[in-house]
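When the chains are written out, they are named A, B and C in that same order, and each has its own residue count from 1.
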Amino acid sequence: MTMMSERQQLSYIASQAADARLNVELETEGMTLNIGPQHPATHGTLRIICRLDGEQVVWAEPGCGYMHRGYEKLTEVRTFPQVTTLVNRIDWLGSFANEVPFILAAEKLMEIEAPPRAQVIRTILFELSRIANVSLFLGDLGVQMGAVTPVFLAFRDREYVLNLIEGATGGRFHPNFDRIGGLKDDLPKGWIDETRQAMVKLREFCDIIEDLLFGNEIFQSRMRGIGIIPADVAKDYGLSGANLRASGVDYDLRRDQVLPMAWDKADWKVWTHPDGDSFARCWVRLQETRESCKIVEQLLDQVPAGPIMTKVPRIIKVPEGEAWVSTENPLGEMGYYVVSKGDLGPFRVKIRSASFNNISIVPWALKGVYVPDIITILASLYFILGDIDR
Amino acid sequence: MIQFAVEIPYWGQSLLRVLGGLVAVLLPAGTIVYLFLFKMMSFMQSRLGPMEAGPYGSLQLVAEVGKWMQKEDLAPDRADKSIFKMAPLVVLTSTFLLVVVVPFGPDAYFTNFSIGVFYGLAVASISVLGILIAGWASANKYSLLGGLRAAGQLIAYELPMVLATLGVVIQAGSMNLQDIVVAQNTGEIFGFGGLGNPFILTQFVGFLIFMIAVQAELTQPPFDMPIAESELVSGYMTEYSGFRFLIFFIAEFATAGVFAFIAAVLFLGGWGVPFDWFSWNSIDDVDDWMNVAGPLIMFTKMLVLTFIIMWVRFSFPRFREDQLQTFAWKVLIPLALANTAVTAILKVTF
Amino acid sequence: MARLSDAPPSTDTDETPALPGDGLREGIVDDLRHRIGDAIIDVHLVPNDDLWVRVRTDAWRQTADALKAAGFTFFGFLSGLDWLPSPFGKGEEDPTAEPEEPDTEIRQGVTGGDTRFQVFARLVDLDRHVGITVKADVPDDEPVVESWTTVFAGANWHERECHEMFGIGFAGHPDLRNMYLPGDFEGYPLRKDFPLLSRMIKPWPGIVDVEPMPTADEPPPESLQEGSAS
C-alpha cells in the first residue's frame, strides 16, 4: 500500500483546484456579437445584435435608427411638390419608384389623372428603377458570399440604366421627375431607341448572373433550404414584394389593383416560387428583372403622343381628404397614406416602406441559424437602410 | 553543391542559400500578387486594375509595400501583445521552412532530405498555429470566430493533402523530392518516354485532391470561412494593420506560390523536362545549364498552378463551415484513401 | 363620396352621381357588422376604391381578430394620427403679412373621431385584392390601446414606432422600447406640438400664394409644364 507523502497530497489538491478553475473559466455562455452598424455585409448602417452559442444564433435583434431622418415630420412642413424631393431618398437605388405612390395619392385627392403619355412614361421609368435596383441586388448577392466577380458585372450593366434615367430626368440617383398631374419634362430625342438597346444588354446580364451565380453549386448549397419563411408567417409580418411571392403567395400590386399607370398595357407574368427559402427570393427577383425588361420593351412601343402634364395650377392646393396609394416598388409594397386639409402641403403622411416590414421578420427568421446564414438571409430579404429608417 | 571554379566557404554557401530562399519565397509572392491579383482578377471583372503606379501599374506592389510599411504599429489594448506580434511571423516562417525542401535543379536545392515530403507536410501545419494565435490574441470576437473556424478547417484539410501525396510517394518509391522529380522525368508511359511520366496523369485524382486541399490550406475562396470578408470583416487578420498585415498578406501569396512549387514537383515533373529529350539516363547525366533553366521551368509551372488557384478564388462563393467540413471528411478523405489503395495495388501488380 | 347608410346612395345635386359599387366592399362591411356588431362607429366607403372603418377603442384587437378571420391576413401597417393643427405653422408665411390666427380646432378626418389621437391600421385581403383601413380613437386622458401583436406578429415593430413617435401605449406588447430614437430621448416627435427644430431655427424663405384650379373656359396658363412651387 502506498501512502502519498504530504507533499504529494498537497500537489494533488493543488492540481485539482487548478483543474476546477480551468473548468469554470472554460464554462462558455453565449457570446454576443454585434454585426454592424459598420460592416461590409449590411447595406448601410444596420446593426444586428446576435447572441451566439458557438456558431449558432440563439436570438438576433436588428437595431435600426442609425439613418432615421424623420421623414414623416418633415413632410408636414413642406408643400406637395417639395415632398417629392424628400421622398426620392427613401429607397435611393430605385428612387423614381418612391415618388410615384405619393404623386398618385395627391392626384387621387385632387381627382385628376395624368395624361396617357405621362402614365406610360411613368411606368417605364418605374420599371427602369426596378431594374437598376434589383440588378445591384443580384451583384451584391455574390459579394455577401465571397464571389467577388458578379458585383462588377452588375455595376457595369447598371450603368446603362442609370444613364437612361439620367438622360430622361437629369439625375442618376435622385431623379425628382414626377409632378402632380404628369411629369416635369418630355423624353429627349433618341431615348426610346437607347432604352431598347439597353434592355437587350440587361437581359444578357441576367443570363450571365444566372450562369455565374445561380448555377453555382456552392451558391445553391448556401441558399437552398436556408431561411424558409412560410406564407402565413410572411403575411403576418407584412412581407411584400419578391419576399412574399417567393413563399408562394401570388400577389403583385401592379396586377392586382387599378391605378392610373400603364402596367395593364403590357403582357407580363407574375413569378412565384413555392419554397420560401433564400434561393427562392433571389430567383424570383432575377425573373422579375427579366420581366421588367419585357414590360419596358412593350411599353416603349406604345408611348402615345400627347401632353405630358394636365392642367394644374402653378401652386397646388390639394383638397381635404385622405388617400392611400401603394405600388409594387422594387423592394416590396410601398405606400403613402396622405392626409390633406386643403393646404399647400400635407397634414400627415404615413410612409409605409417595404423594408421596415421585411426586416421585422429577422428576429423570427434568424433563430437557430449559423453565422454565415445570417448574412445570406439578410441578403436575400434585401433591404435598403433608407427604406427601413425613413 | 555545384562545382564552382571558386571555392565558396561554408558561410558563403549559407548566405547564398538564405538569399535564394528569400528570392524563392518573395518573387513568387510578388508575381502572383501583381499578375493574378491585380491584373487577372481585374480583367475577369471587366475592369483594368491598378494603372497609375508605373507603366500599367507594375510598380503598384512597391507602392503597396511602402504604404503598409509606413503605417503605425497598432495593437488592440486588450490583446495579448507578445503573441499578437508573433503570429504573422509564425505564418511566414512556415513558408520559408517549406521552401527549403523544394528542388529547383539537379544541384540547385537548399537541402536534400531523404524524407522531404514528410518534412514538408509537417512544416506546412505550423501556419495553423500562427492563424490560431492570431485569432485568439486579437481580443476581438470576429477574430476569434475566424481563428476557430481556421483551426477546424485547416486541420480537416491537412489529411486529404497528406493522403494525396501518399499516392505520389508510392508511385515514385521515395519520399525524397529530388527522387520524385527524377522518377517522373525518367519514367515512361507504355514505353513512350517523350513525355516522361508526370504523376498528374496517373494520379489525377490525387492531383485534384491536392489542389483542393491547397486551396483550403491557403484559406482562399471557396474555403475562406476564416476570413469571410462579408461576415467577419477580415477574420483572424481583422486587428492587424501596417507591417504585420503586410506579413500576413505576403505569407498568403508566398504560401500559394510555395504550395504550387510543391505541387509542380509532385505532379508536374518539377524542374525537369523529360530526360528523353536530351538522352539523359539519370540525374548524374543532367547538364549544368539545367541549374539555371530549372528554376525558370519551376517558375512557369508554379504560375500555371497558381493561375488555377486564383481563378477558382475569384469565381466561387464560399462554403459554410459545416459544408466545408462535410466536404473534407466525407468526400475528400475517402476519395484520397481509395486513391492510395488503388495506387498501391497497381504499383505492386505492375 | 358615398356614406354607407341604410338608404341606397343618393345622388347629390352638386356632385356627379356616385359610381355603382360592385358590392365587394359593402359585403365586407356587412360581414364585419356580423362579427363585431356595434363596435363599428363609422364607415366611409368609396365604391370600387377604398374602405375606411372606425371602431370603438375597446374593440381594437377584436376588430383585428375579426378581420383576420374574414380573410384580411396581410398586415400592411399600423400607425397613429394626431389631429391637432400644428401651432408652429410651416414657417412659410409671408413675413410682411399679418400673422394669422393659428387654427386650434381639432378636426378629424374621414371617419370622424372624438379624440386628438387616433390609431389606424391597414390590412389587405390578398385573395380578393381589397384592403381596409381601420381607425380607432385613443382616449385623451390615458392614451393606451390594445396591442395587435397576438394577432399579427408584424405589428410588433409598428407599435414600437407608434409609441415612440406619438406616445400611444399598447397594452400587451411584449417589448415596447424605442425603435429609432435613443433610449433617453424625451418627448414624442410626431406629435404636432413637438416642434421641428430646423424650421424654428431657420424659417423657410419661400413666400407662396394661391391660384385656383384652371377651369375649362379659362385660357391655359403659359407654362403647361411648370408644376413645381416657386
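What we mean here is this: a residue touches a chain if its C-beta (ideal position, glycine included) is under 8 Å from a C-beta of that chain, and two chains touch if they have at least 3 such contacts.
Keep in mind that this is a model prediction, so the values were computed, not measured.
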Seminar exercise, completed: Judged by C-alpha centres, the chain sitting nearest the middle of the protein is A
Seminar exercise, completed: Of all chain pairs, the one with the highest number of C-beta contacts is A-C
For this session: Tell me, please, which chain's centre (mean of its C-alpha atoms) is farthest from the centre of subunit B?
Result: C
Seminar exercise, completed: Chain-centre distance (mean CA atoms) for subunit A and subunit C, in whole Å, is 25
Exercise. Once you find the CA centre of subunit B and the CA centre of subunit C, what distance in Å lies between them?
Worked result: 67
For this session: Measure off the straight-line distance from the CA centroid of subunit A to the CA centroid of subunit B, and report it in whole Å.
Result: 43
For this session: Quick one: which residues in subunit C touch 2 or more of the other chains?
Result: none
Seminar exercise, completed: Interface with subunit A, subunit C side, in the complex: residues 48, 50, 52, 73-77, 79, 81-82, 85-86, 90-92, 107, 109-110, 120, 122, 126, 129, 131, 133, 152-154, 156-158, 165, 178-181, 189-190, 192, 196, 199, 204, 208-214, 220-221, 223-230
For this session: Mind listing the subunit B positions that touch subunit A in their complex?
Result: 41, 44-47, 141-142, 145, 149, 221-222, 224-225, 228-231, 233, 314-323
For this session: Sort out for me which residues of subunit A touch subunit C in the complex.
Result: 64-65, 68, 70, 72-74, 76-79, 81-82, 179-182, 184-185, 232-233, 235-238, 249, 251, 256-258, 307-309, 311-317, 321-324, 326, 333, 335, 337, 339, 341, 344-345, 347-348, 350, 352, 356-357, 360-361, 364, 389
Exercise. Which residues, counting only subunit A, touch subunit B once they are in their complex?
Worked result: 31, 33, 35, 39-41, 55, 142-149, 152-153, 156, 212-213, 216, 218-219, 221-222, 370-375
